[in-house]
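Chain nomenclature is as follows: A, B and C, assigned in order of appearance, with residue numbering initiated at 1 for each chain independently.
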Amino acid sequence: MTEKTADQRLAELGLTLPTAPTPIYTYVPFKRDGSTVYLSGQGPKLPDGTYAQGKVGKDVTVEEAAEHARLTGLYLLAVAKLAAGSLDKVEFLKLFGMVNAVPDFKDQPTVINGCSNLLVDVLGERGRHARSAIGMGSLPNGMTVEIEAVIKIHE
Amino acid sequence: MTEKTADQRLAELGLTLPTAPTPIYTYVPFKRDGSTVYLSGQGPKLPDGTYAQGKVGKDVTVEEAAEHARLTGLYLLAVAKLAAGSLDKVEFLKLFGMVNAVPDFKDQPTVINGCSNLLVDVLGERGRHARSAIGMGSLPNGMTVEIEAVIKIHE
Amino acid sequence: MTEKTADQRLAELGLTLPTAPTPIYTYVPFKRDGSTVYLSGQGPKLPDGTYAQGKVGKDVTVEEAAEHARLTGLYLLAVAKLAAGSLDKVEFLKLFGMVNAVPDFKDQPTVINGCSNLLVDVLGERGRHARSAIGMGSLPNGMTVEIEAVIKIHE
């Protein structure tokens, strides 16, 4: 980590964290177990409340989908901040990056890099993570990407 | 948690836990690491030993699939009880809810709610969990849903 | 565990661990949190550096795909050894076994057994794990299988 805070890095990148999703009756945006926190799957929620939709490799390009993954990463950061109090306590352990793609799609890693790169840009070394980047048959709301994560909180 | 035990809640719901699956040579229904337990993926196993099959959004409705997710949740509870000794020691941390759906299916969350709601009905606050609810290309035996979980055991 | 080391078992099986993948800018082959280690998804990388490709159930048979899962398991073992220093300290907790299959494919468990059986052959009781074996819509490079894991390191 450099001496900059995560909030300073976000500001330098011209990024603002979106409002973290609120709990639903039976499931919640995150669940903490000691210093480990499981983050529920997030998607590319647009300012109007809808989600970026379509099949990557047909309706949506790799570049567009990578932007959606970056937007999804902002939601993961928002939930992580809610869980930890400050992003400077957060380390990402693992991402599971899901792309709503056509059956012959091959470039899931480039799509999910949109999220992975953001995490390192904002959190530095603590943003580096284990991951899988894979293609789903379908996703909620027809959205293009969904990403879940496991993080660690350093107190 | 109210003062009712999980077993009392199950009885009030008219539910009986099925027999937990037995270990296979190389993999097991659950694996414990300290207080954390990883539960293998479970599916909607019917009384005759077969699984509810079909593609959700074509062969199977959302309502039917939600019932299958609820049945799958009973198997997760059965394995959790086997791991913990008593369901009153169990907290669900995370679900990964997989729906065997057609490519344009959009309502995975409603399907997986069949399981999520059951967990809260039986375990109360400790049933609330982080989750993803997503669509798979295919599932074993052609079954409609498969759900895996991470739980915590409170001693 | 018998008295044989994991390396002795590998030698008896005529197997050599491949070179573990190297870290990329934003994500890494494994991430450690205490004694728990998350392994990034691995695939069936061939000696020429390409991956075994195709849709299981159409281009690729179950038997071929199980061989690919076994090869993928060797990569998971290579990363686990890198993380732990010695395979004799490694216990597998959980596998998520993903098969790049046609929509009506039903035999994901037999495919992933190629990896699961290898882990027990090499690690004995510590190779037994919780798992899900499921079908994906698509995978990176069009590869036939991808498997990620959570392991525990015994010091």
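Please note the rule applied: a residue touches a chain if its C-beta (ideal position, glycine included) is under 8 Å from a C-beta of that chain, and two chains touch if they have at least 3 such contacts.
Please read these numbers as outputs of a predicted model, since none were measured by experiment.
Student: For chain A versus chain B, which are copies of one sequence, does the interface use mostly the same residue numbers on each side, meaning over half shared, or is it different?
Tutor: Different residues, largely: of all residue numbers at this interface, under half are found in both copies.
Student: Using only the C-alpha atoms, find the rotation that maps chain B onto chain C and quote its angle between 0 and 180 degrees, to the nearest 5.
Tutor: The rotation relating chain B to chain C comes to 120 degrees.
Student: What is the distance in Å between the mean C-alpha positions of chain A and chain B?
Tutor: Their C-alpha centroids are separated by 25 Å.
Student: List, in ascending order, every residue of chain C touching at least 2 other chains.
Tutor: Answer for chain C, listing residues that touch two or more other chains: 96, 103, 135-138.
Student: Could you please specify the touching residues of chain C with respect to chain A in the complex?
Tutor: 23, 25-31, 33, 38-41, 55, 96, 98, 103, 135-142, 146, 148
Student: Spell out the residues on chain B that touch chain A in their complex, using ranges where they run on.
Tutor: Where chain B meets chain A, its residues are 35-36, 93-96, 99-109, 113, 116-117, 119-120, 127-138, 150, 152.
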